[in-house]
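Each of the next two complexes has chain A plus one more chain, namely chain B in the first and chain C in the second.
After this line comes the complex of A and B, so read on.
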């Protein structure tokens, strides 16, 4: 298979997944118990207002027509109007999306920067103290409740020690370099919470795929040729052991986004996750629906990028 | 005259005494016993079993341990003391009682949601592995669902359906089965290719019989691990939903304690409000995770030690 068809297939798959997410959302809104107008509208409305709204939203038309219109609107980036704020959902979410991308992106990079070397070192000295620590950390990391970690860090480093700023994403009234510093200071703790909760699987995956790679013939050959162990470890084994970890990024993205929703809620960080929390309190269904569609699309696109990177790094994948 | 097909399926019970079925039947208890022996010798496994059991007992006997935390007290936000072991919340209710009663909700949701997810997930996985055409469709649905961020979707549904214990169980189960199917399916596909399944095909034409008697027992160990992991994830998901305000407002849960602490703005001043429910969640989930890991190790004959293999049960009992 040529590179072109490979890329096309991945893009097709991503589009299919987004289409699936959008269809699920549409069906959910229509199939769940209760009048769809109730789900889409404020409960304190008169019957007349609801009837107008029904026509306005096209809820009196057939399901298929509604579905077509819904898709058409989505294609134009129209996700409806927020009940609570009275502005288009797209506007509400687009203001928040950069913060979520900043938070999850920095958490992902930091996790890789910590997880990969730790996993390599653990695998290089199997049974050593670092290996045991990595295994214990990997197991505990899978059992952490996101808000608990967030609250703990917030309490200790934000409130008691006062090392980092908490609440919001930046300090009001700061400009230029100071603004960037305040953004960084607000980012540290939420980012660290996300790193802690998702580090475990990366550690375990990196460790086990390194152990596998080190057992391969080419590593034995490299060592038999007299290459220093360090070089075999970081150059030969790591390159191959990285591939399963890249797959893991794709598998963990959905979990990372879920973690971001909870972490942003704890830190009042103005991303989409906090927006979801506020929308839950106000029963702002268009925002909830739009947030899911947007997050799903983001995850799917990010997933597609890791898939493509995998294909470029490992030529065998394209040929399957 | 009956058709060959029905004749075979009627004769099926007799198959149980034939060699292929016999080895499965007699081997299973022996393997299970060896697994159990190995599990018992692992202190970590014993400890996590004890912790899980303790939390279940606390949940069952909650009314005997503490009064239902409904009455508002006069001592608001008081730190842990002799009369209130875990302190009191912003309305003067005893946090210890809230944590004890909250264990019920966590365990009920974990058991119910994982039971549904495991039943549905395993059934679809084994049926899919047997009927390959169905498997393609199933695989696409599983892959698509696993590629989506599940928590925002659960939030949307829980908010639309209205917060109740039933909603939470349904929502969590609805998004847990694809993971179960993925794990069980990978095992089931290799089992279906084994020769004893082909042998069973010669003896009966009933796929239901082959699947329930030969495929399901063979994937059972994977299912057991899946049960524990799904249950522990369900605890985390339920707590996450409750923390966002989507828990059942009439029932205490660990997530609700954290949610109310956040709503009351007491998170920064009253550490006991968040510490104790957090510890409870960590204990339950960690115990379940450790249990599944040690079970996985124990059932692997190679990890039981060189002389403890399944083929040599004498030496295993040393």
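After this line comes the complex of A and C, so read on.
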């Protein structure tokens, strides 16, 4: 298969996945109990006011009509207008997207930076104390629940030690360099929470694929040829062992986004995750649809890039 | 991959992420006009506070009062917004005609006088010294415009619900508005005055429908503060105006009010203890009150409740339609235990009356709370023809719904279930997510409803909503002709003494027939840093010490 066909096929699959995500999101939201008019208006709302609101939101039309209109809007790049806020969904999401990118991007980079070397070192010292510690850390990391970690970190580092502020993305009234420092300081705890819950799979995957790679003939041959162990480890074994971890990065993006919803909620971090939480309580369908489309597209595109990178790194993949 | 390429790559990625996050906000110019406010929107739009009229003014200080809240502003249009944070922030910009005192009586705010010239015509006389933050005077035209626009466009806020008998408002002079009613209604003038925010005609009329106007930038208000910057999900910064006639000295004292968003009240408490905020706007959970009262540097203020917690029995259900069953259920509730254990003594009995003691002018002390007596409940059921089985169980099983978001109710419903079990009645508890709870309540899909009303400020209006057929919150589906007549009469008479008699008779009917089981009025507690003082307490969580006049009067103790 040529590279062009391979890329085209991947893009086609990505578009199909996004279409599927759009449709499922649209239908799932309409299965939620309650109606948006009730969530938005005051509880003393009359039946007449409820009917007016449902008409205003377009929810008095058939499901098929709503779906058709929604797809048509989407094809024109229009995500609709928020039921609760009365402003375009694009505005709502763009206010929050940079913070989510900052948080998830930092967490992803840090997780890879810590997880990959630690996994390699654990594999190279198999059975030693570091290996055991990494395995324990990996299992614990996979069992952690974001809100529990968040509250614990807030209590220890926010309240007891007073090192970090409790909630938010920066301190009000800071400007210039001070603002950047404030942003970094507010990023530490939410980022740490995400790193802690994401680290486990990286550690375990890297360790196991490195152990496999180190057992391969080419590594034995390299050692027999007199290459230093460090060179065999970092140059030869790591290069091949990285492939499953690259796949993992793509797969973990979805979990990272899910973790960001909880993390942003616990830390009152002003990203899309907290926006989703608020939109759920308000049954704000357009905001939820827009946020899920955006997040689904991010994950699908990231996975597509991973697949393409994988194909480039390992030519056997694109011929499958 | 070689190491020397990895490090620059990682560095570049970090820089890219930070760059993507945008530029730092620039320091505001010293004396920009507050009307040129900008809406910040996360890091990309420069979310540092834009300049308002923040230069020191006579009587004011340069301090910023930071207040914690648990949600973002959903809607900046006060005619649409319904969340607590919407209310707290828009209240600081858009004045109400009337306020309320600690005894639940309406008192002047923007309006100095209000009442009726005849049974179908009401009036407000308003102050002449209010101006909008862009310098335009606030006149009776703004008041008339607001009321007429709400009636026409039907926005989702609370005010529209008060306009049932409203026909039209007319500004007969710059300081007087007359309101034409479709039928005599002695409650509507006070209720519109209390619930409605007045908006600037010269801004809102350009937007078309007030029901769809987002009002999300370039705010023009006439309250003590004007919103100047928004960092969605993070904070709302409001700068004081130069003149606010309702505060002593005419100038709000704190230079700025910042509302910061936290996920829940427990995190707010951490932030208060940590010094990140000066005050928590939300009422404290009962279990936290004593702890915070004993915490150095923190003061806790009691705020009278203006609502009640209750259970309604769905009278469409054949057993609950019978008075002895409702009386039996009412006798199985240990009200004292609920108030003392769950609410830690932070609640008062209403005497099982829908008119709470806080409404001193209306409350009837002769009504006594239902006695907790499971044996009497058994007797009532036996006398009504119900027979218990060998285990003492009556063939009565009810489904009680409550909101899982309501931590206090979630606790006391267990006591209700246990109490009923002692009398041989089975109650299945169904805790629901809030939207499901609202949907089931609206559809009448319950046997027993447990919940709260936050503000029941006017007995006649509230009893109409709660007990008249078709009333928006008539969850018991009661339709008692005698009760209907009493409530309807109380809404038309302008004779206060007669109204009081009628309402007390209505409350007694509700009490004696167990049309509603009012459990208690919760006293609320709010916490703030002892660095601040001078707050003015108003009843209910919506007003408490975050009422505009209270915040404008606050000063630092240092």
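Before moving on, here are some points about what is shown:
Simple rule for what comes next: the second predicted complex is superposed on the first by the 279 of 320 C-alpha atoms of A that agree within 3 Å, B and C clash if a C-alpha of one lies under 4 Å from a C-alpha of the other, contacts with A are read in each partner's own complex, and residues count from 1 in each chain.
Rule of thumb we're sticking to: a residue touches a chain if its C-beta (ideal position, glycine included) is under 8 Å from a C-beta of that chain, and two chains touch if they have at least 3 such contacts.
It should be emphasised that the depicted structure is a prediction, and the values quoted were computed from it without experimental measurement.
More residues of chain A lie in touch with C than with the remaining chain of the pair chain B and chain C.
After overlaying the two complexes on the shared chain, residue contacts for A:265 are found with chain B and with chain C alike. Contacts of A:199 after superposition on the shared chain: neither chain B nor chain C is touched. Applying the stated contact rule after C-alpha superposition, one finds that A:25 touches chain B and leaves chain C untouched.
In the superposition on chain A, contact is made by A:282 with chain C only, not with chain B. Applying the stated contact rule after C-alpha superposition, one finds that A:155 touches each of chain B and chain C. Of the two partner chains, chain B is the only one touched by A:143; chain C is not.
With both structures placed on the common chain, the touch criterion links A:170 to chain C but leaves chain B unconnected. With both structures placed on the common chain, the touch criterion links A:300 to chain B but leaves chain C unconnected. Counting contacts by the rule stated earlier, residues 32-34, 39, 154-155, 159, 265-266, 281, 283 of chain A appear in both its interface with chain B and its interface with chain C.
Residue ranges on chain A touching chain B, taken from their complex, read 16-17, 20-21, 24-25, 28-29, 32-34, 39, 139-140, 142-148, 151-152, 154-155, 159, 250-251, 253-254, 257-258, 261-262, 265-266, 276-277, 279-281, 283, 285, 288-289, 291-292, 295-296, 299-300, 303. Across the interface of their complex, chain C is touched by residues 32-35, 37-46, 48-49, 52-53, 56, 84-87, 91-92, 94-99, 101-102, 105-106, 109, 113, 154-155, 158-159, 162, 165-170, 172-177, 179-180, 183, 239, 264-271, 274-275, 278, 281-283 of chain A.
Considering their complex, residues 1, 10, 13-14, 17-18, 20-22, 24-27, 41-45, 48-49, 64, 66, 71-72, 74-75, 77, 80, 82, 154, 156-158, 160-161, 211-214, 216, 231-235, 237, 258, 260-263, 267, 270-271, 273-274, 276, 433-436, 438-440, 442, 465, 472-473 of chain C touch chain A. If you check the complex, the residues on chain B that touch chain A are 144, 146-153, 155-157, 159-161, 232, 236, 239-240, 243-246, 258, 262, 267-268, 271, 274, 278, 281-282, 285-286, 288-290, 293.
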